[in-house]
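Below you'll find the structures, each written out as structure tokens.
Heads up, the next two complexes both have chain A, just with different partners, chain B and then chain C.
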Partner chain A sequence: MIERTPVLDFITHALLIGSLVALLIPFWIIFVAASHDFHTVNQVPMPLMPGSHFLENMATAWERGNFGRVMLNSIVVAGGVTIGKIVIAALSAFSIVYFRYKLRMVMFWLIFITLMLPLEVRIVPTYAVAADALRPFKAIFELFGISVGLPEWNLLNSYSGLILPLIATATGTFLYRQFFLTVPDELTEAAKMDGSGPVRFFLEVLMPLSKTNMAALATIMFVWSWNQYLWPLLVVTDQQNFATATMQLQKIVPGPVFGEPPIWNVAMAANLIVLTPPVLVTIFLQRWFVRGLISTEK
Partner chain B sequence: MAEITLRDVRKSYAKNEVVHGVNLDVASGELIVILGPSGCGKSTLLRMVAGLESITSGEVAIAGRVVNRLEPRERGCAMVFQNYALYPHMSVAKNIGYSLKIAGLSKAERTERVNKVAATLGLTDFLERKPAQLSGGQRQRVAMGRAMIREPKVFLYDEPLSNLDATLRVAMRVEIRKLHQRLGATTLFVTHDQVEAMTLADRIVVMNKGGIEQVGTPSEVYGRPETTYVANFIGSPGLNLLKGAAHPDEGVIKLPDGQQLAYDRNQWPEIGHGPVVVGFRAEAVKFGSGPLSARFDFAEELGIAKLLHGSFGGQGMIVHVATHEDLQSGQPFFFSVDPRDIQLFDADGGRRLEEARTPAARTKIAAPIQVRA
Partner chain C sequence: MEKRATFSNLWLAAAFIAPQMLLIFVFFYWPSGEALYWAVTLEPPFGGSNQWVGLQNFMTVFEDPKYWNSVRVSLTFAFSATVLSLAIAALLALFVDRRLPGHQVYKFTFFLPYALAAPAVGLAFRFIFSPDAGFVSAINHAFPGLWNPALNGYDAFILIVLAQSWKMVGYNFIFFLAALQSIPRTISEAGAMDGASVLQRMRDIQLPLITPTLFFLIVINITDSFVDSFGIVDITTSGGPARATELMVYKIYTDGFQGKDYSLAAAQSIVLMVLVIALTFIQFRFVERRVHYR
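Right, the complex of A and B next:
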């Protein structure tokens, strides 16, 4: 739109810049706090210009939080959840859109219903299953009076326990379903005429076409699973080996213990460490999917 | 042996039958054009041959093998779609070579064949481009290349030219014809454009409302339409069709207003007394003088000629005249029609009436299907 409305332009720009500043101020404060020594950071008011202890604080935080190990855990978990979610979402949407079978609509609605059941709502049964993965089967067997000696198998203190319960995703399935519905039928038919079976069509036509979708989903899901707090806290007792970054943060942020001075500078440095990967993923994937959007084929 | 055989092929969606018992034999190497108005079931028929649509009842055989239950890839057909359906994320070369990749050919072999096909279609310079970077005509050619590369026994085209502009359409039409002559593959070509049908076809299948009205060479379909539907559908304008009453004793058809059209009694010896539909081409009318008169309504300019719309015995009629003829609306004009140009149809069903089996006529009917080499 080409219009000359200087007043309106000024107002929109002021609004944009204002929101940007409002958005960045917390980050600035974190950064400033992470760059002062213990005494300066506890002054009232806190200084608004960065100090000279940044690297020192970062090193302390890294060491105290055992971040070498913990960050790796978080990356494995968030990466695993993201990949798992994308795979599950793409496959389930593929099944719902491209195949005609009896319980198709039932399946669709079952997935739909899980939208209303986030982890927090079903956390007790989910934990029960994580503590004894074969328990549902045992319950079924008991119902029919069959006694089968199933082995104990728990997911506590393991990557699978951290990842698997978070993977189910109705949102992703819907996103993919929406995308698959926009793929023209003729393309599917052309692939059929070329001799392609469903698996090949899925892998070689649908997946490459859904790259931008995947990037969007990956961004959202990575950030979401990185920020998971409640579930890791429940399922991990072996904090030495399986703690995630968000869990670790809680130990560094000063707790409500009287008489203990809050070590804000180190806590803020730890904060910076923890928020780096999701920010990087967002920046990287966002650029990628914007590029994808620009060059989308007609 | 027939390459494609359709035996009483029907298609229903739920309870709604859209193709009603089609029978057709397509000779090997023949180019058949399926012509009909929108919604008459042309695509459905083609897709049943391709295997993209299940066959409700009847039998489709390709090269003597019933293919009803075979997957598309097992039928040996290649198809060109109306919207080309190119894979947007693959380059032209990959689009063309995809079926070979699926068939498990080596990279070297694929490249060689892709290059050959691209050369015949003039696509060599575009091999690395994505479909979005091509013009409509180039995309069309890629779609054809994708079909050609498999060297199929049967080519299926579903209105492949309808998205192109007029000039390009003519050019591609010629290319398809040339390609057909070179490859000699049996071809089914669906269109609703009769010029396309006339120029391309060895034989035309005229469809209407899910059934076949007539199968014949372009000249048969144009010159001897089997039904009033075909008569009206083929040619622009279609045959003039007027209701009248046959008087075989006098050899004339009388129109309601008393005017008389003479017909050739040798050609139509067994006409009964009573109502008939009489037809003649706008081009067959001799304009200017004659025993017949009609009232002029309006004219359509064609450039090289003019179409006069008039009313003849109270019924609409179109006459093809030279451009310099100029008439006022409501003015009468005079004309005549050679009795040999008169065609007669049943007043009820609209079927062509029985003609004399003169030796000339008989050979014409019994002549084997002409396959242009």
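Right, the complex of A and C next:
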């Protein structure tokens, strides 16, 4: 700042560079391990320079993990969650902020409470609902003695089963709500004066203004849903058709076959395939990512 | 905060909020309620409707030493990983905030690990810390049998703590740095004029001013270590060796989905829910302070 502190400056640089190396070295090791053949990767100590089998290992991993299909599934799920969240959260935040009705605060708190319990904490009951998503309604009808023949809607092994429970949280709603509260009232008044109804105001004034918030929410939701692991593991039993990318990591863990050294090179290549999309998103959209992180957690 | 200009079409208001409410009803409130119901009932082995058993499921859970083991492991894990990653992140943020030449580079790189899925982190760390291949195995070359997370519970525990901390450091760093950068520069400058050295300013000015962020991060980190650590444990240790890394979420998963004992799993879920809700309440108390501070 103002003083000269050569020693401390040196220590600062040393500490930061050292930490950078320490934090990034796992990435390097994954890459190096993915580029050697089966024999070299199991050497002790392991080589620290990349070998020449990178493409070969990637091809093996791609095939063994069925990644052609699986990556597509992950993209569908992550895309579905992202779009669903952006749309549904915007709608509900609009309703809470721009309308005045008695149940408004009740709704607000009902949504707010969902922030408290992440999906992982309530997997057992959520799984039961996923087996038949219409069951809650059936139970309610039964309670009132109404007999309505509702069909069974099984969400296991389906994209909706992977996507819908992940959308059912409030993160996005609060991001929008906070933003909507900062939009000046004059804008609404002007729009009303010009004869715009709520739908038009929402679509033509509010949504264009929310673009940056949407971008932030989108990056964060994409990374978050791509990285989901426990929920896909439960919902998907049809591994062939509905497995997601992260799930494949469990299958590709080098097996504990006795007396046989694990196939680390292929495992690390698979890991590289799975971790690349979210890492790319955070690198290229990092302005939005950081912004989204800091504002969704408020 | 209230809007002065609002709309009055209530049907529209209801239509706008309906999708969200439907989703959280079906996938949040109903399941949570059902977990409560399961926790106090028992499914008869030969079918039929559930029998009311009161708190018996909870008693069974609480009498099980394996359950207390998972609680102990979870709490130790949460504490160790949180302290480790917060300490490193705070240190890094303080030094990056000195804004020496090149500090921009760190802003862009430190949080990269956070982009990884928990199982991806787990798989990487399993290889790096594997006893007979990988990066750390060289230790065993020099001192045979010193490190083996597959057999030694402590080693396995250290492994998952390191993996979790590595993942969270970048996240915590971003928040600390944002907090540090929102401290007015003039305060630090005034301190410097009064003769406080760089380290003194860190300790007496910057650290106290970022405590609201610190409290907030403590809660987030503990919650995350309860929740997201599943992927790490599942890939690296599967709760072993000898349940040394069996976290609460992992035990719920094995009891409920491999043991098919929904009542016990539901009772455990309820306990975990109460724990996480308590943590969140603490967090919201501090959110208020964060806003004032800004």
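Everything that follows uses one rule, which is that the second predicted complex is superposed on the first by the 260 of 298 C-alpha atoms of A that agree within 3 Å, B and C clash if a C-alpha of one lies under 4 Å from a C-alpha of the other, contacts with A are read in each partner's own complex, and residues count from 1 in each chain.
In this text, a contact is a pair of C-beta atoms (placed from the backbone, for glycine too) under 8 Å apart; a residue touches a chain by one contact, two chains touch by 3 or more.
Predicted model, so just to flag it, every value in this text is computed and none were measured.
*Asks:* What does the overlay on chain A give for chain B and chain C, a clash or a fit?
*Replies:* fit
*Asks:* First (chain B), second (chain C), both or neither: which does A:Leu162 touch?
*Replies:* neither
*Asks:* Tell me which partner A:Ala218 touches in the superposition: chain B (first), chain C (second), both or neither.
*Replies:* In the superposed model, A:Ala218 contacts neither chain B nor chain C.
*Asks:* In the superposed arrangement, does A:Asp194 touch chain B (first), chain C (second), both or neither?
*Replies:* first
*Asks:* Which of the two, chain B or chain C, is in touch with more residues of chain A?
*Replies:* The partner that reaches more residues of chain A in the superposed model: C.
*Asks:* Is A:Leu209 in contact with chain B, with chain C, with both, or with neither (first, second, both, neither)?
*Replies:* After superposition on chain A, A:Leu209 lies in contact with chain B alone.
*Asks:* Between the C-alpha centres of chain B and chain C, what angle is found at the C-alpha centre of chain A, to the nearest 10 degrees?
*Replies:* 100
*Asks:* I'd like to know which partner A:Ile263 touches here: chain B for first, chain C for second, both or neither.
*Replies:* neither
*Asks:* In the overlaid three-chain picture, which partner chain does A:Val236 touch, first (chain B) or second (chain C), both, or neither?
*Replies:* A:Val236 sits against neither chain B nor chain C.
*Asks:* Which partner chains sit in contact with A:Pro45 here, chain B, chain C, both or neither? Use first/second/both/neither.
*Replies:* Touch partner of A:Pro45: chain C, not chain B.
*Asks:* Measuring by CA atoms in the overlay, how small does the chain B-chain C distance get, in Å?
*Replies:* It comes out at 7 Å between the closest C-alpha atoms.
*Asks:* Considering only the contact definition stated at the top, list the common interface residues of chain A for chain B and chain C.
*Replies:* 189, 192, 297-298
*Asks:* Where on chain B is chain A touching in the complex?
*Replies:* 50-52, 71-73, 77-79, 81-83, 85-89, 98-99, 102-103, 130-132, 146
*Asks:* Touching residues of chain A toward chain B in the complex: what are they?
*Replies:* 184, 186-187, 189-196, 200, 205, 208-209, 297-298
*Asks:* Considering the complex alone, what residue numbers of chain C touch chain A?
*Replies:* 1, 3-10, 12-14, 16-17, 19-21, 23-32, 34-35, 38, 88, 91-92, 95-96, 98, 100, 102-103, 105-106, 108-120, 122-128, 130, 132-135, 137-138, 140-141, 166, 169-171, 174-175, 178, 188-189, 192-193, 197-199, 216, 220, 223, 226-228, 230-231, 234-235, 249, 252-253, 256-257, 262, 265-266, 269, 272-273, 276-277, 280, 287, 290
*Asks:* Looking at the complex, which residues from chain A come into contact with chain C?
*Replies:* Listed in rising order, the residues of chain A that touch chain C are 1-3, 5, 8-9, 12-13, 15-16, 19-20, 23-27, 29-30, 33, 41-46, 88-89, 91-92, 94-101, 107, 110-111, 114-118, 120-129, 133, 135-136, 164-165, 167-170, 173, 181, 185, 188-189, 192, 197-199, 201, 223, 226-230, 234, 246, 249-250, 252-253, 261-262, 264, 267-268, 271, 274-275, 278-279, 281-283, 286, 290, 293-294, 297-298.
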